[in-house]
Amino acid sequence: MNKRKIYPQWFLLLPLILYVVFFLFPSLLGVFYSFTDWGRNTAREGLHFVGLQNYIDIFTSNKNYAAGILNTLKFTLISNVVKIIPALFIAILLYEGLKKTGIYRTIFYLPSIIPFVIIGILFRSIFNFNNGLLNAALEGIGLGAFKQKWLSDLGVVWKSIYGVDAWRGIGYVMTIFLAGLSAIDKTYYEAARVDGAGFWQRLWHVTLPMMRGAIMINLVFGITYGLKVFDIIYVLTNGGPGHATEVMTTYTFQLYSSGQYGLSTAFNTLLLLLTAVVGVLIVRTMSRNEEV
Amino acid sequence: MAKKKLKRLALHAICIALCVIILTPFLLVLVNSFKTKNEAARMNLSLPTTWVFSNYAEVIDKANLVNGFLNSMLYAMVATIAGVLLSAMGSYVLSRNRTRFNNLIYYFLICGLFFPVNYVTLVRVFNWLNLTNTRIGIILVFTSAMIPFCVFTIYSFVETIPKDLDEAAVIDGAKSTGLFFHVILPLLRPTLMTCFILQFMSVWNDFLTPLYMSSKGKLFPMTMSVYQFFGKNSSYWNFVFADIMLTILPVLAVYAIGQRHIIGGMTTGSVKG
Amino acid sequence: MKRIATLVICIALALSLFCVSASAENVVIEAVPNEGQFAGEELSILVSTGWMDNRYDPTIERFEETYDVSVDLQVIPADQYQDILQSNLANGTCPDIFWIQSNPFAIGTQIVNPEEYCIDFTGEAWQAIMPEARQTSCVYDGKLYGLQLWHNSPEYVMVYNKTLFDELGIEAVPTTYEELKAVCATIAEAGITPWFVPGADGWQHQLAFFQIGGVYEETNPGLYEALNNNTATFAGNEKMLEVLGQFKELSDLGYFGEDWIGTDSTNMVNEYADRNIAFAMANSSYIKQLQEEAATGDEYGMFLIPLGDNDWFPTNPAGPTMFGFKGTEHEDLVRAFFQFVCTPESLQEILDNSPNYTNLDVNVEIDQHWLPEEEEFMATVNPDKMGVSVLQTGTKYTNDYWMQFGQDLIAYCQGTIEANDVLANMDQNRADGASVVGDPNWQ
């Protein structure tokens, strides 16, 4: 049968046009501007090509932009570890360990529907040293020694960010794992049980291999989220204390605000490059898996 | 048996502890939305000394919440329905007819998952197309932005629908469009619901897009309203909290109604091994 | 020459505080007569949170009724405002009226291209309702573009709990750094945080450094002008280094509270009322807010920020300022709005609807609501020490990098960078700002 006839190619037209015009093209235009001196005075002075000057500025500036890039990578790695592993166990617990879990599922998912601004306001208050909820709770249960300056101690601030990020994101990751779990054929487990496999053996030999798809999705979403992270840091610390939690996007934002649009888009392009490389790697692995 | 019961009890205890951690901030919002301005600024969990129910009425009036609500509803509904439907059409063709060209298009679309949105240049494009300050423009941006995610999710779900179905339908005399809309689309329902709910919520929470794409207060969504109540010199935390409650209520409703579909849609779709 | 002019302006501004209505000429503006010429039109206004609050609401309502028009007010979150405005200006999609936080340099550095973006109001009678000092923030290259209606209360001085000071036996407010340290020690001993610094807000703590600009200029006469000509730097400035050192010392001694870097100003009213804190940098009108909102019988007063032994008044001819967008389709309506706002009736209405204002700085006879505390405080200020405006508005590009300076200051207090790095980064930022607008002094 003629595939082109059954599956009309024009179905693709509209989504492609929209995607290119409103999504891809603006991004590429940004890349173009990163080679110019685009700034607040452009309207008066005109736009000039400056070659790679913006990129050179980024790496030679005496501001520590490189630290921002490192922080971005660090955040991507750690934030995913602290979300994906607990989420996996919670999902297994809900799926295998308990009946009646609907209410838990609903509640665990709730945080990911709140706007970031609100999360910022709430947690800045909860983390307050003197009258914040967290320190008060620690004191209340006799753990006063664990009181922290959650958002200002250089050794603690990243942990607080990871904590809030996990609070917000674990439910989402868990939901995808739950979907993956429910797709596993029960007979595999029965076979494993007959063989006398314990929890860890089942996890390693049955659950994880069968959940490759779910794990992959979580990695794709998690890594791209991590590289592009902005909101959670912006609302909690805005890159502070000092510049301790600065990431690539917070620098982009600052440069844009001060009218250095060219430099800002150059930074954005670096981020794009980074995500593109990681993206291609992931998509490659994915398509290879499909072929197997 | 007793041991099993004990274990179950322990597991429930863990879940309940997690629920407490997750729900406490929500409780904070709820309790403080009934307090006076200064009491709310303390942001603690104690009950209000006097219950100020009028906070809600004032917020609705002062922040023009009705208009914001209608805008948000319009954007989220129309953009999401359009985005999900268009992505379904696209992924269907891409998944069924895997030519070299179509595979390329698939990865080309998926690339969007990794791109950061560039508002500045987007505004420029908007200008060229004369879409600034229009609701349709805002909706188009939302729709376009969700295409990579939806195509990614729906594409692999389509694979799980047997191809024999298509052939049977065509032999029965169905036209290609009829085949898709009458046979395939209903079968895609679980994954479409998933995409719809996730994207509805993200459109609802996104206030930056309308902010950049329009310069008319009339077009602002509900999430913007909370900013009316906090500023440099004085913040009305009671109103902020009441506003938050009202803003997240619709999303909560959508989530409560549709949450079982989120898992349902992913079950047979992209997450299968 | 320019410096002398600024000096005169600053003195005029500061003095106008004393002679509240006595010296003010009374300029009366009348609204454009309504002949139905605007019926059905819509006027849009772009503004950041906090600049208009709700105090313009009744006036806007009257405007709508008078001319049978509608006003579309777009209140943008403060942290997005600059970006939104710039994007709107560059793309020609700006609302009919927009606001900026103006100062004598802001038209050049923020709008950059007023000829292209702003309606030229030169010759409008309402220019005269603004005191000379405010007009400098509204005029560029001899042309009138903006309208600044702002209060003239002491801004960001120390607001302190007088009753508490009395009870602790502190007889005089501190006027030097050593006195400040001694006072802090006494207060801290009583278990109270002496100086509340909400570092997590990101924009408040650096006020301590910038509000005392007069003392830097006094130590190095001609500093402001040299900074604006790019012949002097922040880096290496002894007085500035001294002030930074003092700030860090107070931080290290715990006088800002145990975790000032992680604390924001959300709960500041209650902190005052609960007597958890003794003083903080705030506007004089904050006293009014404290008295009205917090159930406290304590009395409050003000003193100058004594870092670097400062005794200069923080004169600041800056404030949110309204501009007309040149690309508007309703230029006459925009002009009518500016004129309408400047009528005595509207001005009175605006002041009366401003819970946080005690006065409006205009040459119009309206009922001002000065606080006795403000008058008392002004009597303690040396009139010779008012002629230098605060550092952030007296020098170009400085204010544009406010937040970055604040971050650096915190990094210094935490020991991750040196005091001179904080200053050197400001030099670097100002050079960036200068290159953005193509300032010849930096080429």
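Note that the chains are named A, B and C in the order they appear, and that numbering of residues resets to 1 at the start of each chain.
Rule of thumb we're sticking to: a contact is a pair of C-beta atoms (placed from the backbone, for glycine too) under 8 Å apart; a residue touches a chain by one contact, two chains touch by 3 or more.
Just so you know, these numbers come straight off a predicted model, no measurement behind them.
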| item | value |
| --- | --- |
| Chain-level touch network, classified as line, ring, star, complete or other | complete |
| From chain A, the most remote chain by mean C-alpha position | C |
| Higher-contact pair (C-beta pairs counted), A-B versus B-C | A-B |
| Separation of mean Cα positions, chain C and chain B [Å, integer] | 40 |
| Rounded Å distance between chain A and chain B, as computed from the means of their C-alpha atoms | 17 |
| Residues of chain C touching at least two other chains | 266-267 |
| Set of chain B residues in contact with two or more other chains | 42-43, 120, 124, 230 |
| Junction residues of chain A - those touching two or more other chains | 125, 131, 256 |
| Residues of chain C touching chain A in the complex | 82-83, 86, 90, 110, 112-113, 116, 199-200, 202, 257-264, 266-267, 276, 400-401, 403-404, 407-408, 410-412, 414, 416-417, 424-425, 428-429, 432-433, 436-438 |
| Residues of chain A that touch chain C when the two form their complex | 39-45, 61-63, 124-125, 127-131, 149-154, 238-244, 254, 256-260 |
| Residues on chain C engaged by chain B in the complex (per definition of touch) | 44, 46, 49-50, 53-54, 72-78, 80, 84, 87-88, 91-95, 203, 266-267, 269-270, 273, 283, 286, 289, 293-294, 355-356 |
| Residues of chain B touching chain C in the complex | 37-38, 41-43, 62, 119-120, 123-124, 126-127, 132-133, 208, 211-212, 215-218, 220, 224, 227-228, 230-235, 237 |
| Residue ranges of chain A touching chain B (in the complex, touch as defined) | 1, 3-9, 11-12, 14-16, 18-19, 21-27, 29-30, 33, 90, 93-94, 97-98, 101-102, 104-118, 121-123, 125-126, 131, 133, 136, 167, 171, 175-176, 178-180, 182-184, 209-214, 217, 220-221, 224, 227-228, 249, 256, 261, 265, 268, 271-272, 275-276, 278-279, 283, 287 |
